[in-house]
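Two complexes come next, and they have one chain in common, chain A, joined by chain B in the first and chain C in the second.
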Partner chain A sequence: MGAGLFGYTVRRLLWCIPVLLTVSVIVFWIVRLAPGDPVDTLLGQRYDPAVADRLRHKYGYDQPIYQQYFTYMNNLFHGDLGVSTRHQDFTVKQVVLPKMWVSTQIGFYAMIITFMLGIPVGVYAALARGTFLDPLIIGSWLMLDAIPIFVLIPVAQWFFALKLGIVGLGYDGVYSSHMILPILLLGLPGVAGVARLMRASVITVVGEDYVRTARAKGLKDETVIITHVARNALLPMVSIIGLSLPGLVGGELFLEELFGIPGIGQESLQAVLAPDFDVVLFLVLFSSTLFVLANVLFDLLYGVIDPRIRLGEARG
Partner chain B sequence: MSNRTLTLLMGFVAFLILIVGIVFVIAVVGGGGGSSSTAASTSPKTSSSGVTGDICQGNTLVTFGEDPASVLDPIQVRDVGTAEYVIEIFGGLVTLDLNLKVQPDIAASWKVSPDGKAYTFTLRDNVVFQNNRKVTAQDVKYSLERAADPANNSPTVTLYLGNIVGVLDRYNGKAKDVSGVKVIDDKTVEIDLLQPSDYFLAELTQPVAFVVDHEQIDKDPRNWTQHPNGTGPFKLSQFTPADKVVLTRNDRYHLGAAKLDSVVFELGGGSLLTRYQNNELHIGAVPPIDLEAVKAGTSSLSADYKPQPLMDTSYIAFNTRQAPFDDPLVREAFAMSIDRDRINTVLLYGTQRVATSILPPEMPGHNDQVAGYGYDPAKAKQLLAQSKYAGKMPHITLTYAGAGGDAPEILQAIQSGWQDALGITVDLQASEYSAYLRDLRKGTYQMFDAGWAADYPDPEDFLDKLFASDSQQNEQGYNNPAVDALLKQARTETDRTKRFSLYSQAEQKILDDAAIIPTFWPIDHTLVKSCVQNWPSVAMPVPKYRYISIDASKEK
Partner chain C sequence: MNAATVAEYYPGGELAPPQRWVFLRRLFGKKIATVALMYLLIFYGAGIVGPFVAPHDPNKQELTVQARLQGPSQDHLFGTDALGRDLFSRVLSSARTTIIFTAIVILTGEFLVGLGLGLLAGYRGGRTDTAIMRTGEVLAGIPTLILMLAIAASFRQRINDVSFWLQDHTWLGQDAKLWVKFTIVIGVTVPFSWVGTSRIIRGQVLSIRESTYVLAAEAMGASTWRILWYHLLPGILPIFIVGLSSSMAGIAGAEVALSYLGLGIDPPAASFGTLIGGAGGVRTFQDHPHLLIASALPVVLFFFAWNLLGDALVDVFEPRTNRR
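Then we have the complex of A and B:
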């Protein structure tokens, strides 16, 4: 397994390079050709053509587009992510990374809540199939999912902060009691979706022959559920988790807006509207890179969880 | 499934959740002293626990602000939001007081030469940077030359300091220094102007003319704006983008130290009103939906309501170079068919001020005698019939900067006014902001929704910038030689009374031509907690936080 898996990994990673280069070319062109000029936005109504020319030259926008692309990529490989025009003279690093880190942490905790609750709720619902508990449990979580978050948030803020007075609302760092409410509001609505997938998955697995065999050999119920049913039913969950990981760095617009969290969601929207070329480019390239890498990583993880999916070795 | 299995499974999950919870709690407790410790040591903590205590007990004002649109370098400031911080951290030769009058700041006094083209400033003896270094005439010269240095790409220097001899030459790379700024001795500096100008001092109150510390900039050219060394009443003690700006008192401030220990600007926005009601902010804003109740006095917030008129004007502008608005009769007809009073009463709960002229009432030089066309649909119809487009009116589109969706209600109301009075259907079209700006300059729009906020309190900033035929900001393409002559005369007139009367004449002519239709003079709907004392009413950003104090005994 060692050499085969290693070779496979290297091959998959090498394939990422042309994919990402293609993405970078396409994204660069789209961003540059989309309507909107950062220097126009920067100067607003106080426009002076001489000043605009100087600023275009400063940011390199007076160069041909392919030249701009090569300059950008060259800087990128040297660790220079460029400068923001919306936050004039701040570097992209200064603008984006702290906000991305805040969003990632909040998204991560919310995701833990979603899966920690969703998986057992799904298993429970599957095992309770045929009783009134199954639709009751899934249905009640679905209700939470069905309320739009921009309705849920103000109601929760009013109730927990103004009515009960047990939480503060302003942002006070990720690790403060102010963040409990936003993390719960971000995590809980997702429970229904995870639970339904898990429920379907468990129902499929419970009917499998090997589960019957395990029971037949007299294994304890909990052993059967945990080692045979849960492990196999978790397989589809792995790809769900894997594909949602890159989304964590994207932030959550409504939540950040309504709780005043300095996350990346709001910044992304404003960067696209401005437009803030280098910020948009970095955000898109970064999340595509994560997405591509997460795909590779979780393809490999599949092999660990399910021995039947071991690609590229022996027979390969 | 047996109950035992389920119980076990649930127990396992409960255990995992417990672990995560413990990690989170440890991080909360530990994090307070860890990652945010630098911030905590330099700035007073605003709210450390979930439920905020009584904010009226401390001596820190908590308000909200905008995420800066540039680094906190005075010569890069281009928006009101960033200016609000920079004017508290830095200072220039002169400043604006709460009545928007020019007052000495770093300069103690100044003399103007008889021809009005040379200003000699004498500096105060006791002005120091926040690191205690004395401010000299060389610092003033350095700061102004730095603003004009083309390598620094200041977006505002040509706009506000272009009248100083040598600034444009320096900016265009034709000179190595700014010849019009001369150091006479350590505490005297002379500034020469291309043309005499009564509003030059008002322009000097702009951030681009502020004094910066060259020692600090030389030492740390890249990151000095993160801990700037200015001369203003407050020091920057924390700036976390999108999170907060914290200013703390400069005890050495030469015009009298602030009463507050610090001012915290929350940048995240969030649910401002809810946070205000939850006693997390001293200053709040009334959302439009609550305005009616707040204004009527039926809301619990009514006692805190402090409407703040702004030195802004919203208007509908015509492209006077294009059909059909090249005919003044058509413009007049359109101006007469907007019932702004009714829009204000019905749509805006009477919370706005109907603009009867271009200059807002707070603007020096505002003249009550000057007035645009009132609502007169019968006359409007008549004028339209006399116009050269009578019976062959082309299709008309009004463009506004917006992201799609429904047009703003005010525009819809105006649109239906034209439909009712003139029978003309005007399309409302949204355009993305930077495309809107670009097309404005190209002059492709027939009519557009716009607004102008004063940079400094002088009518020149509205009338000359928006209506002089050679101005970059004249997007109407408005060209009236009589108005141009008046504006040109006003530029160099040094007698203020005469100058303002020239502006009044120009303003009346512009309104008679219906170059634009002023619609409203906007108002900020501010909420101020009762324990905040001396919250000033001032129509544009001026240094104001040093006057404010917090008195817990005044809390209701």
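Then we have the complex of A and C:
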């Protein structure tokens, strides 16, 4: 951690602030732009102008947009995330936090599966380069990746739950056998991406001089591959973790909707459609913060574990 | 030795003779790429010509028990859907939807915005570069799908107002509503699709900006646009095409996902997203598997073929990265 790295970190982190503020303005504006507002949805058939006005006043929707924005941001900095209108009388915190925890666990296990499978598959494909096995392995994982998750889910549900009857459908807590299928369906399509990057990385490393040296001094093939090739080829994979987050969140949206899992993906879809202003805003802001910080973090981590990378200096 | 490239005999690189036909020959030398290309030709042919020669009207409903949910037969190649519409004809129309959508996004988002801004950022550098790349960073930091949903959901509320106005005031007539929906889906896809392209293009421009022929052109007083168009663009086109074919599945997939959620192109107009949505659900799949298979398989193969083609193009254009 030299002075350069510290300065770079500070600059990257400072840069996150305007990015996130811009995002918040854009999202706030877009969400409020819609002609319908939560009050219309709340009242529905029993719409009564007097009640509607009172409700709008209660939630502050009768104020000018910029004022609403400043109120919202002010509350946000004081830890008040606002109230949900779709789940009446619940705050956003009460609605979102338990669901977020469910989704985080599912996403975490799915990611472990993606990397635990993707890395060996990539190494194997790289070593099998030149034979028919390499394109076959990568190709079949790519095929899985090409199927949209909302097509994959009904087929997998039918095959494993209805035909074979080995898993149950329906949500029964995160730690139940019912979750095996959703976690696999979320994790497996990502294997292709990880495997391809790992393959490219291994191919680069295999050509290095120190690998030739290791072979020349008579080390066993397995030793060379595991300790010399794979370890060094793993370095670039760190930056992929951050980049794979958005895809994971997107996949969870369909997954939770189709498996009836009470997670954040399902909630965000419903909140957008309702609309539930504060919930949508919080979800977009939270995930933006997460993505931006994750990318900074993994970039930095990459620099720490591989000192050859000089962050911020190569850029003009 | 078959991997030896012209560039290896002319290490200067800039002296190498045009390689256009070499690329094509190398591409067709790959069996997988040829198969993928053939499938794409069929898909595009079906999408462009198909709707005119379709055996049935894709929107004609037939709500009798016998006509609904038929399995594949000679009259209905892919069977019929829950409203008795011929699924084969609807798949053909969906292919057309995908083709129109991707063509517009590529022309606007990738070519105009992505390539244009990438060239500008790389060549101009300085503040222009910072502004463009920072904007890209903002967009890349946003959870795309949720925001796309939010935008699409907000704008859809106004569909009726706008489309009725267009119906009365322009030549669009009955199609106005469909075009408004197209505009919305394209409008939410384009802002997020250009960032990756611009980054790649910018990197490439940075590397060839300093080459002697560009410096010579500058010394002779060529305008910025002339340099961009005649001197930088040809050097960038290969990497642009490679990037394009790899991102094609993602672009087409955005429309399918939005339509699946009911926020994109929706019935009666056909899209693979709505077809899959209509066939979805595990119970429906159990009883009528032809619905999902017929509506998902063509588009899944479309994604797959573009990905394979993208991989093959990487190999063809940059043989060194993959076979050293």
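Basically, the second predicted complex is superposed on the first by the 266 of 316 C-alpha atoms of A that agree within 3 Å, B and C clash if a C-alpha of one lies under 4 Å from a C-alpha of the other, contacts with A are read in each partner's own complex, and residues count from 1 in each chain.
Quick note on the criterion: a contact is a pair of C-beta atoms (placed from the backbone, for glycine too) under 8 Å apart; a residue touches a chain by one contact, two chains touch by 3 or more.
All values reported here derive from a predicted model rather than from experimental measurement.
K.L.:
One more residue to check, A:Pro98. First (chain B), second (chain C), both or neither?
P.N.:
In the superposition, A:Pro98 contacts chain B only.
K.L.:
On chain A, which partner's contacts cover more residues, chain B's or chain C's?
P.N.:
Result: the larger residue contact count on chain A belongs to B.
K.L.:
Which holds for A:Trp158: it touches chain B only (first), chain C only (second), both, or neither?
P.N.:
In the superposition, A:Trp158 touches chain B and chain C alike.
K.L.:
Touching A:Asn295, do we find chain B (first), chain C (second), both, or neither?
P.N.:
Second partner only, chain C.
K.L.:
For A:Leu273 in the superposed arrangement: first (chain B), second (chain C), both or neither?
P.N.:
both
K.L.:
Taking the superposition on A as described, I'd like to know which of chain B and chain C A:Thr22 touches: first, second, both or neither.
P.N.:
In the superposition, A:Thr22 contacts chain C only.
K.L.:
If we overlay the two complexes on their shared chain A, which of chain B and chain C does A:Val174 touch? Say first, second, both or neither.
P.N.:
first
K.L.:
Using the touch definition from the top, say if A:Val31 reaches chain B (first), chain C (second), both or neither.
P.N.:
Touch partner of A:Val31: chain C, not chain B.
K.L.:
Now for A:Arg54: first (chain B), second (chain C), both, or neither, which partner does it touch?
P.N.:
first
K.L.:
Let me test your reading of the model: by the given contact rule, A:Gly82 touches which partner, first (chain B), second (chain C), both or neither?
P.N.:
The answer is neither, since A:Gly82 touches no partner chain.
K.L.:
Check chain A for residues that touch chain B in one structure and chain C in the other, and list them.
P.N.:
Correct list for chain A: 35-36, 154, 157-158, 161-162, 169, 258, 273, 275.
K.L.:
If you look only at chain A, which of its residues touch chain B in the complex?
P.N.:
Checking each residue of chain A against chain B gives 35-38, 40-51, 54-55, 58, 86-90, 94-95, 98-99, 109, 112-113, 116-117, 119-120, 123-124, 127, 154, 157-158, 161-162, 165-178, 180, 221-222, 225-226, 256-263, 266-267, 273-275.
K.L.:
Name, in rising order, each residue of chain B that touches chain A in their complex.
P.N.:
1-2, 4-6, 8-10, 12-13, 16-17, 20, 24, 27-28, 30-32, 35-36, 46-52, 67-71, 73, 76, 78-79, 150, 153-156, 158-159, 171-172, 240-243, 266-271, 274-275, 277-278, 280-281, 403, 432-435, 437-438, 441, 452, 455, 472-473
K.L.:
Sort out for me which residues of chain C touch chain A in the complex.
P.N.:
For chain C paired with chain A, touching residues are 32, 125, 129, 134, 137-138, 141-147, 149-151, 153-155, 157-158, 206, 249, 253, 256-257, 260-261, 276-277, 280-282, 284-286, 292, 296, 300-301, 303-304, 307-308, 311, 321-324.
K.L.:
Residues of chain A touching chain C in their complex?
P.N.:
That would be residues 15, 19-20, 22-23, 27, 30-31, 33-36, 129-130, 135, 138-139, 142-143, 145-148, 150-151, 153-155, 157-158, 161-162, 169, 200, 203, 207, 246, 249-250, 253-254, 258, 268-269, 272-273, 275, 280, 283-284, 287-288, 291-292, 295, 316 of chain A.
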